Each structure stands twice: as structure tokens, then as C-alpha cells.
Amino acid sequence: MNLPRDEAYFRLKDEVETFLYDEAEALDERRYDDWLAMLADDLVYFMPMQRNVAQGPHAEAMEFTREQADIHWFEEDKWTLAKRVEQIQTGVHWAEVPISRVVHLVGNVRLVDAAPDAASAETVTVSCRFVVSQNRQQRENYLFVGRRTDTLRRAGNGWQVCRRKVILDQNVLLAKNLTVFF
Amino acid sequence: MADDRLARLVDTDRGVIDRTIFTAQDLFEQEQETLFTRAWLLIGHEGMVPEPGDYVASRMGTEPVILTRDRDGKLHAFLNSCRHRGMKVCLFDQGNTRVFTCPYHAWSYGTDGKLVGVPMREKLYPDMDLDRWGLIEVAQLAVYKGTVWATWDADAPPFLDFLGGAKLHLDLALDARDGREGGSEALLGIHKWVVPCNWKLPAENFCGDTYHNPSHASVDMIGIGPSAASGQKGRRDGELDGAQHLWVSFPGGHGIHSAMVASNDYTALYADDPEISDYFRHCHEERVRRKGEDARLRPFVGTIFPNASFHGGQPRALCMWHPVDAGHTEVWRFFLVDADAPERVKAMLRKFYMRYSGPAGMTEQDDMENWNYATAGARGPIASRHPFNYQQSIGRHTPDGGGRLATQITEENARNFYRHWRLFLEGRPWDELIAQAPRQAAE
Amino acid sequence: MNLPRDEAYFRLKDEVETFLYDEAEALDERRYDDWLAMLADDLVYFMPMQRNVAQGPHAEAMEFTREQADIHWFEEDKWTLAKRVEQIQTGVHWAEVPISRVVHLVGNVRLVDAAPDAASAETVTVSCRFVVSQNRQQRENYLFVGRRTDTLRRAGNGWQVCRRKVILDQNVLLAKNLTVFF
Amino acid sequence: MNLPRDEAYFRLKDEVETFLYDEAEALDERRYDDWLAMLADDLVYFMPMQRNVAQGPHAEAMEFTREQADIHWFEEDKWTLAKRVEQIQTGVHWAEVPISRVVHLVGNVRLVDAAPDAASAETVTVSCRFVVSQNRQQRENYLFVGRRTDTLRRAGNGWQVCRRKVILDQNVLLAKNLTVFF
Amino acid sequence: MADDRLARLVDTDRGVIDRTIFTAQDLFEQEQETLFTRAWLLIGHEGMVPEPGDYVASRMGTEPVILTRDRDGKLHAFLNSCRHRGMKVCLFDQGNTRVFTCPYHAWSYGTDGKLVGVPMREKLYPDMDLDRWGLIEVAQLAVYKGTVWATWDADAPPFLDFLGGAKLHLDLALDARDGREGGSEALLGIHKWVVPCNWKLPAENFCGDTYHNPSHASVDMIGIGPSAASGQKGRRDGELDGAQHLWVSFPGGHGIHSAMVASNDYTALYADDPEISDYFRHCHEERVRRKGEDARLRPFVGTIFPNASFHGGQPRALCMWHPVDAGHTEVWRFFLVDADAPERVKAMLRKFYMRYSGPAGMTEQDDMENWNYATAGARGPIASRHPFNYQQSIGRHTPDGGGRLATQITEENARNFYRHWRLFLEGRPWDELIAQAPRQAAE
Amino acid sequence: MADDRLARLVDTDRGVIDRTIFTAQDLFEQEQETLFTRAWLLIGHEGMVPEPGDYVASRMGTEPVILTRDRDGKLHAFLNSCRHRGMKVCLFDQGNTRVFTCPYHAWSYGTDGKLVGVPMREKLYPDMDLDRWGLIEVAQLAVYKGTVWATWDADAPPFLDFLGGAKLHLDLALDARDGREGGSEALLGIHKWVVPCNWKLPAENFCGDTYHNPSHASVDMIGIGPSAASGQKGRRDGELDGAQHLWVSFPGGHGIHSAMVASNDYTALYADDPEISDYFRHCHEERVRRKGEDARLRPFVGTIFPNASFHGGQPRALCMWHPVDAGHTEVWRFFLVDADAPERVKAMLRKFYMRYSGPAGMTEQDDMENWNYATAGARGPIASRHPFNYQQSIGRHTPDGGGRLATQITEENARNFYRHWRLFLEGRPWDELIAQAPRQAAE
């Protein structure tokens, strides 16, 4: 979809970028409750696994684990994400004691779709790239680089994420765990 | 065989084990030579290769293998390495093929491992005996209720002999929830990730370390089980409340933790969804109908020596703790459901499994943290002078069939695990490896 | 060059960013033919090597291998890039069997020049930074971080790259090969 | 603070982004004197260390070393930064002989504050994320990923940095030294 | 003990030392076993744990330790590793606690190291002797003018005996600038970073390698000292101009570089700030008043064998060169000021320290570059055939108390360092390790 | 010398070689000690250091060396390591200097390696013999048609004796395309990159592994050669169509693959550019004129034992397979053109070289993939029990001068390579290393 480049488009693009950066800030500053407030109640948060397969007509279907059918890195809803936050906040979630130092850099922000249009958008689909750095304890250090497609929905004066698909682009996971939010 | 060194390192009679066995790279290599080349290893599930020509990548010890179903439907497992210069002959995690053609010089092998193509063979290899240069195949392969196991050792006893009394407990994970034999299937998608720990720590943990409950304080406090949305705390539903827990260790090195519930009365579970709750009640009733009093025995966890573990119910999974080096383990995990369970049940279980286990598993993350830094804490000259303490409930067990039964939380299963680890590293003959009472433990 | 910050500038900047992000998307989604269509027929695609040399008046000349004279990591045209795509598509280019999982993140997008001006730009010079992550097979993982200067030329309703200079900022290459497009 | 999204805001955002990207370009091209000119005379350049501490009410105070009180990675002013530049330029600062190849990628640029307002801003607070890659000699390679909060002040036609706080998000520093500017 | 190999590697009589000692991983491990488990090691500063229950993370050799102040105010140092399975019992760099509870199975230990909590102990460990399973504690711990030192060796001599004649010089770093004993405090914030070098190169550098001045040409050219803004060149203010420099090496392996200034006349320093300049003049006058002619002895640098060094004034710091492996060192550094110095003085010093030392230190960066590539240059078969040259000013020293004094730039301190390194690696008894004249050097 | 182990590992008579030699780190270190310190190694090209004072960084085995041209125009090669503490004395890849001054303590060395500056020498090193402390220089250095070779072994035979019969074939790469001796120059810019493979796999590949053609199926299908834009398939132009290929192995361990074309008739090549096509026709005619029937011998590839290879024409390059560790190789590659070729020709060749070879080389990428995973496939206890197959065309060769000639695709060159590898690792005297018929192969 190609949105016309009018003032509404630029305003919307800025809104969306700012939302994504604010979200990154909330996570990096460990303001988890602020972050949860940015997620819609019906959120789908999905991160498939990827297999090494041959090129060919069905390659993509075989490459990714299938949503609502297979085992993934994540197929979550807001309830489980809230549980994950709650777990960290217990102070005895050992994998996050002490809490990781995390940096979210979001780039290549592209408005893929706005419905019904940019001026009066109720939902926006936005694609991006991310670099997420996790550093913990003395020398634990992991870098996650990948792609994300988010669907945002207008909520009051702001936005909420109602769907997030994360492509991590790893096969054997290179990190020891996935305590980080993407 | 450095028997004296091994005896000094592993003293299960006194319940002390040297930290070095979790850190020394030379012992790691001895493990690869003497243990992973002999023991039966879990390599996959039949459902991963349903059709002729199907293959899936697996591992045995540190080495890559391919599990294939040949054109006649027979399963094979091969080292994924060409006989010419060792190149990988299969470049994918899974697929279907007629032939594995090596990318380097194009030798090609059938799905039964036979060398079927050698470019310019007549001219360049006039005397070649093709039968001697097929893919390197495991010595024995066994399918047990869908799970696939293999060993490089032609002298190894049949898989079920190796499994011994642990079969009863593994069955509880593999059999259908309504008591039928078998009936489980593997969900697609294998978690694979690398934990900076020695492989023996998770293997030991799963063989019956019930004492590590405090590790999971965070999930227990907040509740993440199938009834958690309804307010239930704990990391799973309490189907074992009030049960007599059982820890059994077996010849061969296996150890399990199961439980005998007080009665066949049903405890309501899966409160978040009445349909699912009804389904499990139905399964329960069927199981009781089929198995009677035997239905009271319920699975929890277990380790099939050396590096395969299972989770029996919540979640229900099979684990491979693939050794990488003394300080790293590549964990593989796949999950089971009953093949004929309703989609709604499968969906609920699938999501519960993912939030419980694996790298994103809220429960397992805390295990991994402990394995990681327990391995780190085993390093260093001062640490090495202070062996680990394996004295929990020492001597508090009774003979039980071929094994030993404890009815209180115990490290006997761990002691049994390391006793067998030592026997393997000493290169003992198979009769000693699966003998009733391992010799060095004169009790 | 300092472009005046008028509406034309903002529109052009958005166009250019969108073009670069679309290009990254095409590459990351392995839509190689779409990607080739984004390259001008007279494309120069250049990635010099870098040497460790002393500071001084001729340092820069000695630091970089010289275009059209020396050996580089890449000095390509559209024909060779198309050949590289064709090679991957044979399915027997072993270094890309299976095909790498690649993520292109492009940042610091700066309009360096627009000719004749922003409002009626026919060519645009744009500088950026990139993080390119390549992951392949089980645990092969390479990160390429560098700088790029692109010249884009208007082509129909869109743009095409007619010159790309990539500074990888490595000496001994830290990756086992260069099958990735930058 | 939430700045109204008017034309002045967009113009200011572009100015600030361009300034940060120009600064990155000056550093990556080793135009150190140009870079120094972008720094205010009263610059505070601060990079605290971070400790592993337990969650709790005083966690943040314990996590970061305290400005103007403790030992940090950096607590500098323009004079010391100019000295660092001068040192590199001697040609015998062995840790920078040969000079590192450095790439600065700046992302998530957010205007946090503009005073008195966007249209007539004299000072701007801007937050961002960075990926800084340092490559040197044959195979020395370090990646710094972190957060930055800058205060810019209008200076003539442009801007100058008058305060920079860098959060590197490491505990034991993973690089052998800190010769790079952030 | 491979005495012959060690004798071949370290020949301090002829002043040649094999490059292998900086690169061989087996020698590194021998160092861990024989040296870091016996010598007194610097582990922190009292000021890091002022209150009962305070703790701070430290290291001894490659192993993590916790320095704690128990409920009675007594200092302890423990291996940060549970006695059960080795998990870290303390997860933080610093804090205050009543008890260290292990995350894995929740054994808990008091701040005095005693095992105070074992879940279900009565049932699972009925025979456990809690006293035998406390945290692994150092054999001896000593506090000296705020600095904290420890050894794993119960047979080691008391710290001050080990320190010997080096005490006089260490005092010059630790004592107040006005000549009072003690009075220094550690600024908060410990620089910790990893340098790709063998740990012995920085230790040797700090024991008195004055010859490496050319390393610092860049800072000397531009001026970064406390008077640099006023136009002074050099990396520090010239308080030692015209002094007689002294290099002293001691039994135990320590080496220092101090200087005797020609007179007690004051040289104006710290020109950038008159208030600060006045303060230091005042300190000088007080010091002269208190110490008389002894005030002429001024500190520069030194290494307390094996891996603790100090910077005596500009900057004023304590260094730990923690070994990681043969090619990597984790450097820890904390800085000292007089506790009662004015804030303005502390602020100036703090900033000077940060621009001089540590990973961002303009002076130390060039040292690190040399240590890094000197280590790299010690690798390889051809390099290994050409020992390093330690012949500088060989024989040019005189006995001085228990040690040796040189009055010209010398590598005698380095020779002494490696002589003792060899004695430790040979496993010599303590009387030989701190003897007046190390035996193998028959001079 | 573990002769028995080596004999077990390398059995060239039966054509089986243990996978361990590609993976064991202890054998890698034995290679460094016994092979790379003795054999002649390629270190650069004269054109990289045209002027007095010029220098360029190079490597021998794992160690960094500097190739310099001294003030008198003489070439030298030195270990890039100070005699004092081992610091790099040259920090750059190339440049021009009068002196190499060490950054650490400023000892300085002339471009001829002499120690010419020692700060404060009179006082601190009164007895120093400067001649004994110059840079560590290679024992012998040879320039051959622009290429520069060196050895650490004073007893090694002269380079041309070492090269032996391989000279004829190396000449075909180094000589001008029109048949004049020499005349080639190195394009500036050395590809340097790290491949995760054992160094012997590429060395073996280039010594005449013609059988690996299938590796290059992708480039052969699409066409990337100098006539590809005109529709020609294949990875290069077919100048050897119909030729009799020749594989020759030599004492010393070298192996080459050349070809004898049927006649001196010209095959039109380089169809994409008529001017270039004409130029090469002209070169061909001149070559025939000069060399007559000898012009029919055309180069392909070869390896000069142990780790230098050449590509004779399309492309035309010299390779160094620098060992890093058992599993990694740092590849260096520079390319040749005739110095007096027209710019248009040089430009075309340059671009062809870059798309064919190096990390971005469409052909070489697929080689590297095979070397990478062949090395990986050589690891592991089961893999190690199954040696690689080197039986191709075994016995199918005839004596040829000092070497052996095969006229069909063969692994004889590889067998010869490993035969000599074993002799070097056994530490044999030079007469055995370059003897006509290596002894252990009793045929």
C-alpha cells in the first residue's frame, strides 16, 4: 500500500515513530507497567522459529513455524506478558536477578498501512528493524537483530500495539534465554 | 582408563563429587569417547519423518546425525558427513529427498545410507567396494512409542533392556492421557538453544531433583499454570496434591520422579476453560477404567541416562542435553500432546508449554540460571578443593525391582547417575553398566 | 551542501528514506528481482578495502584501495549483481544453501545533495550508516557495521541507485565470505 | 513533555536529527576539529558506570555511579575532550596508532524537551540510542550499544552540545579501552 | 614440579626470560594452583563495606569472592559459591544483607559464612555437620590502613611480614598527604575492564619500569596534569623534578619506585586552581613538620607481589591485575583521596584520575596497548626461541635492608619479581619465598 | 616425534588419512614447530616494497613478519616483535620508514633489522652487544620473478632446489602472457579474511583437486567468465577445451595441475570486448613464436608446499593459507597482471578476479563452504574412527623427472602432500624432505 504523502501522513508517521521510541524507552528504563499500558488487551505477540530448508515453492511455509499450530519462541497474549512483568517484579526470578541492562534500537520504521486512511487512521501497520542489546551480570552480553511488524490501534489520545510479529533470524538461539521483551 | 582419578572424583558412597567433572575439558572428551559412543541416545520422534524420503537433522553427543526414513519406510540414522572428505551431505534441518548429494565432489548416498553415486567411478576408483563407503550408520536404532533412540555400539543391549524399569515411568509420559498405550504426537518446532552449563547439571536436575523447588519461587508466587487466569497460584495445576512422591533410580543410570496419588478420585484441573476441564476429567475416568489402581501412578520427570529427559504432564516434553563442551550445552526440546486431543486442548497445552519451558519458559529460565552459574562456580583451584555435596537422604532407599526406591526427597537418583557415569568413563562391559547393583557402591 | 528546509525537502527526505527502507525490505525478504529493479543499469557498487597506515598528509589515499585501480572487496556493476542473484537462485550456490537470514538496518539517513533542487530533484546523494546481520545454518552469525553513500536517480515514479559506496570499516574481513548485499 | 506537532516541531526535529547525524559523520571521518566546534564550551560529558544491584527503592541510586561524586568511565568537559583530540593528533598515542575505524549509528531520536518552545527553541533535550562500532589493527572489534541524552543549545545558525549523558549498559567494560567518542 | 623447565624459562642471573611464561596456558594454570592460592592478594577497601551486613564482590585469582562485614562488624572473605552445587550465593556487586540464600536449593549462609539454613534438614540431612559446610573462607584476612588483603594459605606469614620493607613505600600511598598515618578513603566506583594481555606485564610495569617513559610521549607532549590548563606540559605535575629516584626490590617479590627529593622546599603544584595549590602547600608543610627529613621520600609506583599495584600520588590508586587466562587480564582499579580533603580538591583529583587512569585514561591507554601487543608478540614458535631481555642495569644495585636498592633505572625489580614467580611455581616453602636472598640467584 | 601416531594417521599407501590431522590442536602446534619453521613460505611480492625504506606486513605461519627493503635496496624479513619485551615494532600494514621504533621503551631498529637505538644504553646496558639483539630475521630469503619467499631454517636448501620441478609450472603463472620470462606485477590490495577451516584443506584443494568441479555448479550454470556477458557459460573461458590435463606431484610436497593443449591453434577468448580479445590473440601468437611447442603447456593451479598456492590464468593469483588454529585459516590473496598490459585489459581482469576469487568470489565462496564444513565434519569421536578416502586413481601415475605424473584426475598430488606433511612432522632431515621418492611409500 502506498499512502499519499500529505500532511496527515507525516503527522501519522511522526506519531508512530514516537510511539515506538517511547515504548523502547519504557522498556529500557524498566517502566514495565507503562509498557503494559501500551499493549492492547487482545494483543498477539508472536515470534516463530526458523528452520534451514531448501529453496523452492513451499520453502517459506517450511522455514517458519506456523502460528496457532506449532511450537515457537513466543506465542503470547497480554496476560502472559503481564505475568512475565510480574515475575521480574517478584525479585526472585533468578534469570533476571539482577535485571538485565537492555537497549532497544528501532530503525527502518515504515508505515505499511493505515486504515481507513492516514488522516483518520484507527489502525496502522508498521514495519521496522531492531537491534536489542542485553547485558547482564559481569560479562553476559547478547545482541538480537531482527525485524518486526506491528499493528497499532488508536486508543484514546495514543496508540496500543494489538499485534506484533518478531522475526529474530536465528536458528539455534544464540542467547541463553529469552527474558527480553521485543 | 584413569580409574584412580575417577574414583577420587566420584565418591557416591560418601556423597561427595569433585567439581572438576563439570569443568575439565579432558573429562569432557573422555565422555565423548566412552559414554556418548556407547549409550542409547534420544534422537527424535517418528512423527518428524512420516513419509519415505523424509529426513530431519539430529545430534548424538557433539556430532550431527540425520534421521531418515528410506524408500521402504525404514528408519536410519547416519553421521552427517561424507566418507570422502567429511563435508556435510545434508544441509537442511528437514526435508524430503531421494538422495543426499555431497556438495564438494558429488558423491551421493541413498536414504538408506548406501553410496550410490561416485562421479567417474569406473575410471578413478576401479577397485572401490561401494558397500564399505556408505554413510556411517548407527549400530542400533529403536522406536519406542514414537520416540527414536540410537547407539553407536553394536554390543549395547536392546533399547528396552537398557531402559529397564524406567520404562514404566517413561510410558506415563508417552501414553495417552486416557490410559491407552502410545497415542502421543510431537508438536512441530524443536526448541534449540545454548546454555552455558555442563550437560550433566540439567540431566541430574531432571533425574529427580525435587529439592530445587525454591528455584521456582517466582512462578509459584504469581501462578502461570493452566488455571492461573482463574487465580490459581503455582507453576502448574496441583494434580499431585497429597500424593506420595516416589524417586526411583535404575541400573543403566536412569532416575525418575513419579507420584502415587492417594486415590483415583478426580481433582478438578484446567479451571480456565470448562471444555478443557471436562476433557481432562473424561481422560481421567477412562484411564481409571483401563488401568484401575495402576492409574494412581502419575508421571513427573525423569532422565534416561545419559542426556535424555522427560517432563510427564505439565508440561509434557522430551529433552536432549547435547554436550557442546565442558561449559556449554545445546538443549533441544520437543513437546507432546495426544494426537486425538481436541484442537482447543492442544492450543491450550501448546501455549502453556511455551510459557513454562524452553528459552522463553518462565520456569525453565530460572533452572538455566542455576545451571549456568553452578557450572561457573565449579571452576577454579580453590573451588576444586571442595567437592559438591550429594549426601541428601543418603542410604534412605529400598530395593525396588532392579532399582532403588526412595519415598522422601533424595539425591539417590543423582548418586546413581554419577555412579554410572563413572562406570561408562571407566569403559566397563555392558553387563556391569546395566547390572542390578553397580559394583563400586558396596553397601 | 545545505538544502533549504521547505516542504519539498521533507517530502524528498521521506521519499529517500522510504526507498532505502523498501530496498532493505526487498533484500531481507529475498525478493531479489524487486531489488535489482531498484538498481540503475549503470550502477557502480564499490566497497574498498582498508589498510592500517600512519596518520599524515597522504593517509587517506593509502588507507583505502583506489577505485578503478586496485583490488577491493567489491567493484561491481548491475550485471555482476544480477549474476550473484542468479547464482543464489540456482539452489546450488553452496555458500548460500540454505539462504542466509539477513537483516538490513539503515540509519543516520542524511540528504547530502539534491540536483537541481529538492523540489525537482533528479539525483540525490544520501549518506547513511548500516547494521547488517547475517545468520545462517545453525550458529553462523556475522555483523557488518559501516557507512554508505548512495546516489539515487529518479526513475519513473520512483528512484534507482546509480552509485553506492560502502565503507565496511574492517581490515582483515571478520566474516568468512561476502555473500550478503549491502 | 509533549511538544505540539506543528510545523515548527517538524522543522526542529529535522534540525536536531541532522545535527546528530552530522556530528556522527564528523567523528567517523575523523574531522575532530569540526566535532569540537559542535561542543559548547561549558559541555558536561558524562558516562557513569553501572553496578549489579538488587531491585528495590534505592536500586537506581546504587546502580549508577553518582555524577560529581564517584569514579565513572567519563566525567569530562570540553577541555579534556580537546586534549583527547590533541593526543590522537600527536601520532604517538599508541592506543590510536593506527586510528580506529569507527562508525556511529544514532537511532530512536526523540525530542524530549524544547525551551521555550519548538518554534523558538534555544535549548533542546534529545534522547537517542546508539550503536558504535570500533575496528582497529587486524581484528580488534568492539561494539558499543547504549543510550544517550543530549542537551543542545542554539549557537549561531546551528547547535552545540552542552550536556551529554551516555549510558553504555555494561558492567565490566567489554572493550579493552575507551578511546572512542560517544 | 617441573623445576628444570622453570629454570630454563626464567634465568634472572643472565637476565633472559622465555616468552612462554606470558603465553602458555598450562603455566597459567600452574600459577593459579601454586601462586594465587598462596600469596596475599588485595581484595578491596574497608570503606566499601562500612556497615554490618555490607558486602562487595571481589576476586582472588580467577575466582569470585565476597568481602563481607558480619553482624559483629568483623570482615570475612568467602568464595562466592554454594557448598551444595556451587551456585553463586551472592548475585550482586554490592549491598547489605542478613543472609546469603542460594537461588538453586535455598541453602543459606550468614554474613560470617556459617551455613544457617538447609531446607528440610532434619529429614534429608539428619547427620549433617553444619560447621563443615559453611562458605569457603580465606585462611587469613588483613586490613592495612583501609586496604583489605587475604590469602587462602593458612601457613602464609602475617601480611606485614609478607609485605616486608615494601611497607614504607605503600604507606606513602596510603597515608594522608599531610603526613598523618592513614586517613585515605576510596572513591566509590571501581573501574573494571578486560585487557588482552598476560597479567604479569602490568604487574611488572608497575613494579618499577621507569624505562617505558616513551610510551607516554603523547600525554607528555600535550600536558594533561593538574596544571595543564595553565600551560604545564607532562602527564602530571613535576613534584619529583631533580629528585633521586630509587628502585627497591624486596623478598616476597615486591618492587617499588619511589624518589628522594633534594630538599623539603616546596615546589608549587596544581597551578590551575590557587585554592587547591594552597591546600597542597599546606599539606606539604604539615608533612615536613611531622616527618622531617623523612618527608623527602616520595611515592611513585609499586607492585605488591603478585598482582596488586599502587600509584602513589598523581594519580593515587590501587590496582588489581586479575588473571583471566594466559592472554587476558581483568583490571580493577580504585582511587584514593584523603578523607578530610576539601570537596574542591577531591573533585579536581577525581577528574584527573579519570583522565589519567582506567580504560579512558589517556596515559594508561598507551600502557595497555603495549601490554596487549607485547603479549601477542610473545606467541609463536619463532618468538619462543628468543627470550625477552631483562638485562637492564643488571648487577647495579646494593643491599638495602632485606631488599636491593638501585639508584638508576633498572630491571632489577622485574628480575626480582620473576625470581619469586619461579619460587612460587616451584612450590617452595614460605621461608624461601620471603627469604632475604632468593636462593637460585647465586650472586 | 610420535612417529607411530603419524604413521597411523597418514597412510598414503592405502589412501586413508585420519580426520584428526584436520582437527587436533596438538598436531596444529606440532605443525607450527616442525613445518612452518622450516619450509620456504611465500611472504609477498617485490612490488609491494619498491623503494628503499618501504615495508609491508606479512605472516609466516601464525607469526607476524615485516618485509622491508633496506636503505641499500636489499630485502629483509623480520619477526614483527621487539627483542626487549616483544611489542610490535611496526604498527602498520605498509609504509616507508628509516627506522622501526618500538612504542614501549623506544628501542629502535634499522630497516636492515639492526638494533640502532637503545635509550640510555651507555648507562643501563654498558655491556650490550647490539648485534645480538637485532630484529629476528629469517634465515634465508629469495625473490623469484617478483614473488618473495623466506624460511626460518638456515639448513633449508635454496628456494629453487626446494621448488624443484614445480618451477616449470609456477613459471606459467608468473611469466608474461606473451611468453617472456617474468613481467608480471601484483595489483595493489591484498584480500585478507578468515575461513573456519583447517589450512590443509585449501592447500590440498589447490594442489590439483580437479574432482571438485561439482562444487562450482552454480557459476558454471550461469556463466561468470570473461565472455559471460556474450552468453558463454562456465566460470571462465574455455582455453583448455580438449586439452590433456596433467597432474604432477613433486619431492618437497608440491603438486600442480596444468594442461597440454592439443595444438598451438588459438581459441578465441574474451569475447565481451574485441580489443581485449585481440590483445590476448596477440599474446598467444607471441608466446608460440617464443616457446614453440612448449607453448602448449598451460597453467591451471598448484600448491607450493606447504601453504602457498597459485591460480595460473583465469584468475591469476597467489594465495597464502595462513594457519590460525586447527579450525581457522587466514587467507591472503593477491592478483597478478602483466605489467605492460593495456589498462583496458587490466581493468577487465581485475574485475573478473574480484568476482571469481576472495570472500566475494562467486567461485571461491563455494570452495570455502566446503572447506568450512569438511573441517567441521572431521570432528568428533565417531567421525575420527572413519578416515578420509584418498584412494582416487591410486597407483595410476608414472615417474616424471623428480616427480610423478598422472594423466587422469587423481588424488596422487594430495597423497604426496600428506606424505611430505608427515615427513616434516617427523622432523626428517632435508635430504629426505626433498628426496626423489619419499621413503615411507614403498611402492
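Descriptive notes on the structure:
To keep things simple, chains are lettered A, B, C, D, E and F as they appear, and every chain counts its residues starting from 1.
The rule is short, and it goes like this: a contact is a pair of C-beta atoms (placed from the backbone, for glycine too) under 8 Å apart; a residue touches a chain by one contact, two chains touch by 3 or more.
Predicted model, so just to flag it, every value in this text is computed and none were measured.
Between chain B and chain D, the least number of touching-chain steps is 2.
Chains that count as touching both chain C and chain E, per the definition above, are A, B, D, F. Taken together, chain A and chain B share the touching chains C, E. Relative to the C-alpha centre of chain D, the farthest chain centre belongs to B. Work out the mean CA point of chain A and of chain E, and you get 47 Å between them.
Here the CA centre of chain D is 33 Å from the CA centre of chain E. Chain C has its Cα centroid 27 Å from the Cα centroid of chain A. Shared interface positions of chain D, i.e. residues touching 2 or more other chains, are given as 10, 52-54, 92, 94, 97-98, 105, 107, 131, 137-139, 143, 171-172, 174. Chain E has residues 91-92, 103, 192, 194, 215, 366, 369-370 in contact with two or more other chains. Shown here, the protein chains touch in an arrangement that is not a line, ring, star or fully connected set. Each chain pair that touches appears in this list: A-B, A-C, A-D, A-E, B-C, B-E, B-F, C-D, C-F, D-E, D-F, E-F. Note for the complex: chain E touches chain F at residues 19, 22, 201, 211-212, 214-215, 366, 369-370, 373-383, 386, 388-389, 391-393, 408-410. By the touch rule above, chain E contacts chain D in their complex via residues 57, 91-95, 187-196, 215, 217-219, 221-224, 228-229, 330, 334-335, 347, 350-351, 353-355, 358-360, 362, 365-366, 368-370, 372. Across the complex, chain F meets chain D through its residues 91-92, 103, 192, 194. The residues of chain C lying in touch with chain F in their complex are 49, 51-54, 62, 65-66, 68-76, 79-80, 83-84, 86-87, 90, 92-95, 171-179. By the touch rule above, chain C contacts chain A in their complex via residues 10-11, 14-15, 18, 20-22, 24-25, 28, 89, 91, 97-99, 101-107, 131, 133, 135, 137-139, 141, 143.
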